[in-house]
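Which chain is which? They are A, B and C, in the order written, and residues in each are numbered from 1.
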Amino acid sequence: MSGDETSHARDASPAISDADEDARNLLRVRDLSTRFFTEEGQVNAVESVDFDVRDGEVFGIVGESGSGKSVTALSIGDLVESPGRVTSGEVWYRNADLAEEIDDPEAVDGDFVDVRQVPENVRRSLRGPSFSMIFQDPMSSLNPSLTVGEQIAEAVEVQRRARANPRSTRSRTQGYGLADMLASTVLPSRSYVSEESRERAIELLEQVGIPDPADRADEYPHQFSGGMLQRAMIAQALAGEPDLLIADEPTTALDVTIQAQILDLLRDLQDETGMSIVMITHNLGVIARMCDRVGVMYAGEIVERGQLADVFDDPVHPYTQGLLGSIPDLDEPASRLQPIEGNVPDLYDHEMGDRCYFADRCPYAMEECLSHPPEFDTETGKPVDPKTDPGEHGARCVLANHEFRPEDALPEEYFAVESEDSSGSDREAAETEEVNTDD
Amino acid sequence: MSMGRFLLRRLLQGVFVIWGVVTVVFLLRFVTPGDPITFIAPLDAPPEVRQNIARELGLNKPLYVQYGEYLFNLVQGDMGYSYINSTPARQRIFNRLPATLELAVAASIVAVVISIPLGVISATRRHEPADYAATTFSLVGISTPNFWLGIMLVLVLAVGLGLFPTSRRAIGFLPAIEMLLTDLDPGGLVTWLWHITLPAITLGTYFTALITRLTRSGMLDELGKTYVRASRAKGLPETLVRYKHVLRNTLIPVITVLGLQLGTLIGGAVITEAVFNWPGLGTLVINAINDRDWVLIQGSLVVIGAGFVIVNIAVDAMYAYINPQVRSE
Amino acid sequence: MISELLSKLFGGVWETVRGGVSPRTARNLRKEFRNSLLAKLGVVLVVAAILVAAFAPVLAPHDPTTQNLDGSSLPPLGFSKETTQTSSEMVNGSIEVVNETVYVEADPNHPLGTDSLGRDMLSRAIYGARTSLMVGFLGTAIAALVGVTVGLAAGYYGGRVDDALMRSADVMLAFPSLVLAVALVGLFGKVSIPVPDPLVALGVESGMPDSFVLPGTVILVVGLVNWVWFARVARGEALSIQSEEYVKAARSVGASDGFIIRKHVLPNSVTPILVLATIQIAAIILLESSLSFLGFSGTTLSWGFDIAQGRDYLATSWWISTIPGIAIVLTVIGINLVGDWLRDALDPGIEGEGGGP
């Protein structure tokens, strides 16, 4: 199935006013940048990313590994760890109650709150009831030495305890000190988790389609299969009843048949709860199956974005074209897969500069691609103000403004040098193939 | 596998290892140069006297008979009679055992109480002054010979500042407790503490340093795992992430290494006893070796080996309790 | 013929080590070294210790064994010592005992002072490095040789062989290495092997001891009590490599066990064994010093021995015990830092450290 079958958040016509647009947006991400400060230098993992997530939609972020899509996900959830840091940008989240509470006028815009500007304890309080996340490898995403039920119940319990005073970090451990934590390893009666939460955890396991949930709750992660674990992870992510679920490559580590089940489950759960999903994947099949709108990431930037149909049927950016070109066409099984030549750049700050990062691999690269960074333009050639509406189909490429001019094309030598440079590293060669198309 | 069956299997393995220890200890006497009688009989003893001694000790019997008798007696708790010391070996060994146990337990408590919080602080405040202090301490700690550390502590704290006694155990822990309970006099316990402080620090420093290192690196490993990120994403407060999830998993490899390092603790006790003239098993072994008092050598080696095995089973039980994967394998 | 055999043997070892250190490993080592101040410090300390040990006769200002009772217990430079000198003299027909406090000043000829027999502390500390490093390296070599052989055999053949070897390793582990070492040295006796000092024999330096005493029993014993750690690591590696497809493939085309072990199992075990060996050198140096301290050694030129000597003079001459201890700590810190560097760069996945002091 494609995104067209979902009724909500569909007909984004340019005629809708800003206010209407905002009312349907859950999240407005603006100019978000995340850097990693490593010993080898600064890595610009995410570079000025803008996108919106509407109510009840699935927004897809697709790209090769190393394109910054996972870091984007972590940046929204405020889960970037040292040596990484979100260095700039705004993450506007619509929550009227929260907007009421926040005193800082800078951080509030109508019902929206910029979660990057609120105090840390408030930001943390959003984990669970506002944003939740599932990860690529379910086996390592659960603690191997606690039962699955216990871990899901914890996620329930933390929201239960937080209810009294949601914005205080302390309320989540009120009356439960270090001594209790240590004692609970020996004495089950000192456990953090209440009986009520345990029951809710079993309900959640049932909801995500785990048979015999009461028995399975007492098992450890290594007793679960990969697909069952991913279901348990989803149950855990649902425990806080989030407005937004960020799914980072949720099916990559799973068998093909299980992948489809998990995607169906996510769809069903979304219909039940009305939450929004940000789906991060390198798998175009997943995007085609799940998403309403999509952003294509390359070298830390979103290079093209828009309605799924617009982007897939009429890609503007040569990178998107390349990605889609590498989808095997079932009607013409004889045609070979066409991978994009070259590698994702390393994203070291000192190597980036003011240019289109795809130019090295782009078949339509022109002189102007090296001199100034392309604006995020629409097909119409008019620059789009990301503040008002990034909902239209747009691409960060000069080709959005004008046709390819062969007379301006970069000389052959430019590519020759580049490819020789990168041929030294054996590692990246394998990663080029990462964008795959299996479903 | 259930916990009970796991422990039963370990127990059987332990019995096997103790049997191996006993056998090695028994054979040791026959592969080392020198006639044990030389060390018992007077230098000018005539051959008949020597033969008498040999007969009395059963040394003239075939090896397998001697081995059989040795095992038989040992199972009944008889470790033989030390002619050199004119006491039954068992009595001498068990008289000395409490001093060594007190030392080892005190050192272990010091080590665990200091090292785990230190390792946690070090890992959670990475690249901060506290971390640098803790890593420096642990590097120096694992690189310092404990006997030298003991001497330096005596030099500064006992000889220099006079805060602690230079040596000797003045009172046992049990008598001190008894004194406290019957006479309500805490003086014995204070004396005990006062005397055991320097030896316990001496013996415990290496382990404190080692566990700090292991805890730090283990915790850093764990903190980098996805389940930590997932726990934070589901809204768990940091204290719960650290102390309910991460610390527990950190302790799993720490416990494994501790089990392996138990021998080092006992070896360390031997030398610490030598530094502080501590009347424990270690000084007993060294004296017995110097005197070639075979009955005592064998007896104490068997006790040390058996102690190692028993504590290791306890460590394994702890390991199995904390790590569900072991139990269900 | 013998030389051919030797070159074959050592050539094989070298090939193995080189085979185990791939270009990527070398790159990791360089990268980690560049980024780590501690790794640099470790290498500096270890190289310094090796140079001091190698050129001891050149570096030492005095013969470390020459006694001089007139200049005994001299303090190190920058310190002075207060002692009570008792003298008696005849005053008016009766003997009068005079107690007089004198200050013993440091002698620039003995920058680190002298011990209770007037031997130069600096020279003894320099010569002590030889004992420590020789025992450390040779003992580790023996432990590695025995342990790797046993471990590979156990891991490679599995089944009964594995059971037998590993259960005996368990029994081994039940004896604390220090206790076992004390027992073995004490019971088998101390064997001292005098080795002619090449620097003195060649006439580069005179007035120094013309031979260097290797504590033979100690080297053998510290090697034999520590082989278990190597056996465990080698066994683990052999077990994991066994199940690799390429080993199965080699076996299916009829490669001999010896060939597979040499060509596949050993090279893959090099990294973890190298890291373990580094840690073991440190552990064995500490063990040697403990043995010397307890008097179970074949040489009197040892840091541990000097620490024991100084114990009786703690109240008056603190430096006799302190200086050799500092030498041990610096050497062992250096080796441990190198071990950390190797482990961080190579990530061999072995648990913790081998036996300690």
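Here is the rule we go by: a contact is a pair of C-beta atoms (placed from the backbone, for glycine too) under 8 Å apart; a residue touches a chain by one contact, two chains touch by 3 or more.
Because the structure is a prediction, the values reported are computed rather than measured.
Taken as a graph of touching chains, this assembly is arranged as a line, each chain contacting the next along an open chain of partners. Ranked by the number of C-beta pairs in contact, the top chain pair here is B-C.
Farthest chain from chain B (centres taken as the mean of C-alpha atoms): A.
Rounded to whole angstrom units, the spacing between the C-alpha centres of chain A and chain B is 53. A straight line joining the Cα centres of chain B and chain C is 24 Å long.
Look at where the CA atoms of chain A average out and do the same for chain C: the two points lie 54 Å apart. Under the contact definition stated at the top, not a single residue of chain A touches 2 or more other chains.
Counting partner chains per residue, chain C shows two or more touched chains at no residue at all. In chain B, no residue touches two or more other chains. Every residue of chain A that touches chain B in the complex is listed here, in rising order: 74, 77, 79, 81-82, 124-125, 127-129, 131-137, 140-147, 151, 154-155, 158-159, 162, 169-170, 172-173, 178, 181-182, 184-185, 192, 220, 222-223, 233, 236-237, 239-240.
Chain C meets chain B in the complex at residues 167-168, 170-171, 173-179, 182-183, 186-189, 282, 286, 289-290, 293-294, 304, 307, 310-311, 314-315, 318, 321-322, 324-325, 328-329, 332-333, 336-337, 351-353, 355-357.
On chain B, the positions that touch chain A within their shared complex are 126, 224-227, 229-240, 243-245, 248-249, 252, 322-325, 328. Those residues of chain B whose C-beta lies close enough to touch chain C in the complex are 13, 16-18, 20-21, 24, 28, 32-34, 139-140, 142-148, 151-152, 154-155, 159, 206, 210, 214, 253, 256-257, 260-261, 263-268, 270-271, 274-275, 282, 285-286, 289-290, 292, 297, 301, 304-305, 308-309.
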